[in-house]
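Below is one structure, written out as structure tokens, with a few remarks after it.
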Amino acid sequence: MINVGIIGFGQSRFQTKRTDVTFPELVKEGADLALADAGITIKDVDAVVYPLAPDALIGVGNGERWVIDALGATGKPFMRVNNGGATGMSAVLTAWTHVASGLFDVVLVAGADRVSESGSAQSVLNKMWDVGYERTIPLNTITMLALSAQRYMHLYDSDETDMALVTVKNRKHASLNPYAHLRTPITVEEVLASRTLAWPIKLGDACPASTGAAGVVLVSERYAQRNNLKPAWIRGIGQNSETYWMGARVGAKSQGDHADADALAHAFDIAYKQAGITDPVNQIDVAEIYAPFSSVELHVIEAAHLAKKGKSPEGLRNGKFTLGGSGPVVNPSGGTQCTNPIAVTGTIRVGEAANQVLGRTGAHQVPNARVAIASAIGGDHQFYSTMVLCSDLEEIS
Amino acid sequence: MTTNKNASAKDGSSERFYEQTWDLQYKHALGRTVSRFLDGLAEGKIWGRRTTDGRVLVPARSYDDLTHEETGEWVEVANNGVIEMSTVVYEAFNGLPKPPYALAYVMLEGADTALVGYVKGLDLSVQSVAIEAVKIGSRVHVCFAKTPTGTAADYWFELDATS
Amino acid sequence: MIATASVEIHHETSKSLEEMIFETSKRALNSLGLSADDIDAFVLGGNDQIDGRIISIMPSTGPVGGVNHDTTMIASSSEHALIYGYLRIMAGQSKRVLVASWAKPSESVDPDRAELVSAEPYLLRSVGMNETISAALQASRFLNGKVVNTNEKFVAWPLTRKDLPGRGDSVHVVILAQEGSFEVESQFAWICDAGWATSSYELGARDLANFESLKIACNQITQRNLGSSPENWNAVEIGASSEYAVNAVTEFLQLKVGISVNASGCLSDQFTSPFVLGLSRMMRAIEVTKNAKSSKDRYLAAGIGFNGFAGQGAAVMVFSNTKGVHND
């Protein structure tokens, strides 16, 4: 199999609105930053994979066709991925396939989002649910994850304080990350006192609607060798899907409880097997894992086998998963909870993980990081993408 | 339909905005199975369908995504059951109903998957009381609209009276 | 390529889109005696606006059999979905891939309006643009001063209903497999190569008569596999936006004299939608190749699809009845 690595990651400073640019200009920003970081120009790029989640959020159908000029990608092989919230990372996996096929040496993944541009993000996302049965009920991303959080607390005797610990950690990390959107440190008390959106998800548990751009550049091993590049190597990838029907994720005959993320665990297992990871807690240094709400991070940590089911709160209370603590650090960038430009949030996970293993992150660097994992979730907790990155191609022991 | 607005950017140049709405209309074919389920609501019945591995899917579906096979037998399930998961929404979202409201996934007796719906008839003004009322394990029954619309709005849940 | 299944119908009222996708996927799998668990990866192609579903991978993963499997939605065009499936096989990443794409415009009260939202909001949308209008703009470039004589009503000058693809509901499923992962008898077409490219969005920046992205796509194939280049094709199925464009493409590519062009039928006879037109023509090219399976001579059929207004993007896939050695 052809080895594929990441040689560049660019991101804009994320904020609520960007009134200074059109959407294509924002996309160009992401592409330019990624290419600059990789030390190449668009002319060196063989193909482009474009991440864009619901077109409705940016207001242009098949918006990828609109932005191609801004990307500088006219005349190149070009396709777009839409896996819901996992899109940013699914696009990277699609780009991985492009390089691994042997047909392309340099592939760019770059895009942007401006979630707050659409005043009705949650009512747009309401249309994710079944046409016949679920449109009359106001389900949206917040309510669906509120349900999951409730079940987690019920099954594992956990409470909202455990959720708040995640927010406290992520905000602390984000305060060290100049690109993050929400960077203000916060206390458990402040999280618990914040207003309820859909119980138990409070404002203090939730991600912001972010605007900004991001991109990564993938290269083949032969290109890296020819040009003396030192990429962050992709050692394993995995994708999995679970049932669309949330009602099937409860009860005695369910395949996996809505409290857990078993289908994500399976995706991690696929990536771990490819990468040769047998002991995640001791072999993984950094985890950039998509979790838009604090409660989600609890079960994603467990799905990544960094804690047993129901045990991630205990780990957090003991200072684990936090910069400065021992063991794998979870979301040293602040994660999706602090920055969520939906279409590219998965790309940022990959870029941050890549920078960690290359020692280039800055203030939120995990010392001596060699192995990192990244993951993303799309749909109603339905689509999962995972990746293992390493600074070298040697055995992970 | 559209308006331009001006604002001043920091450097004095104007910043224009363009307001747009997507007004796209759809008429979705629901298929015979979903249609029959919705018709059942007018008769005060909740219908499920049995999969090839014996599970009763509620609401009824013509095929099962886990076995990837068509479902078979129609099964009428009970109009009462237990809350498997729920939430109370306090935040208003553009285009969605005015809060507060409660939603729950309920496992009706005889079903193997839970049905989603509003939980009505509750006083939601005090959050702690509301979330206790709809907690996991609470017993509820299905209520049906007197004038059915042929949509999923024709049913909802209400708590069983506690003794 | 080991199996295909399609449904094309004028207006499906008794089945939901998800049911149509389920039935077509099952037909393809059943034709091989396979189940969803025998497939390593699912690649889907859908357009949210036509179907009225946001993040349409969500309701469609179940019907294709993608639950508990690796599923990706390629949303830029149906041809790209097929191409991505092909890349997965080329990468050795998957042994068997199921590709499914669809469009159910009958569910859209005004499908032209759904296409309008693909026009960028600042200038183009208020002018009004959709697939039909852009096809007409492009067709006008091919008139070369000729007068259009017809008693037929123009839909958008110079195009009449007969010049345009028909509109209806369709689902297409293709199963691809790596050599060694299928019964030899079941396979019926080899993929020789694929090329694709997308040009500028700006209609004013392109010469609509100069099929720029198509040229680039064909060049990719010619450079990698000279034997699969257009002059070697025995048949071609072109999913262009008008019959004018079909003729123009044939001239533009300087195809073999006597080559069979759109032998499966003209555009207006199809029940289709711009998003899936390209894949539907690629599948017809596969059928044509299948029919030449037992021939001793090498038979090449190509499928061409376009995406975006007036052929902004083009994709080409070349199929053969024999495995053969490429680069000849």
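Chains: A, B and C, in written order; residue numbering restarts at 1 for each.
Simple rule for what comes next: a residue touches a chain if its C-beta (ideal position, glycine included) is under 8 Å from a C-beta of that chain, and two chains touch if they have at least 3 such contacts.
Since this is a predicted model, take the numbers as computed values, not measurements.
Put simply, the chain nearest the middle, going by average C-alpha positions, is A.
Comparing the chain pairs A-C and B-C, the larger number of C-beta pairs in contact belongs to A-C. For this pair, chain A with chain B, the centres built from the Cα atoms lie 28 Å apart.
Taking each chain's centre as the average of its CA atoms, chain A and chain C sit 31 Å apart. Averaging C-alpha coordinates per chain places the centre of chain B 37 Å away from that of chain C.
In chain C, 16, 49, 52, 61-62, 67-68, 114, 117, 121-122 are the positions where the chain touches two or more neighbouring chains simultaneously. Shown for chain A are the residues that touch two or more other chains, namely 56, 59, 131-132, 243-245, 255.
Touching two or more other chains at once are residues 20, 22, 28, 30-31, 34, 65-66 of chain B. Listing the residues of chain B that touch chain C in their complex gives 2, 18, 20, 22-34, 62-63, 65-66, 68. Chain A makes touch with chain B in their complex at residues 19-20, 56, 59, 119-120, 122-123, 126, 131-140, 142-143, 146-148, 150-151, 154, 195-201, 243-248, 250-255, 258. Those residues of chain C that touch chain B in the complex are listed here as 12-19, 22, 26, 35-36, 49, 52, 61-63, 65, 67-68, 104, 106-110, 113-114, 117, 121-122, 125-126. Those residues of chain C that touch chain A in the shared complex are 16, 47-49, 52-59, 61-62, 66-77, 80, 83-84, 87-88, 90-93, 114-115, 117-122, 195-202, 205, 212-213, 216, 220, 224, 307-309, 312-313. Note for the complex: chain B touches chain A at residues 7, 9, 15, 17, 20, 22, 28, 30-31, 34, 37-38, 55, 57-59, 65-66, 84-91, 93-97, 101, 103, 105, 107, 112-118, 127, 130-131, 136, 151-153.
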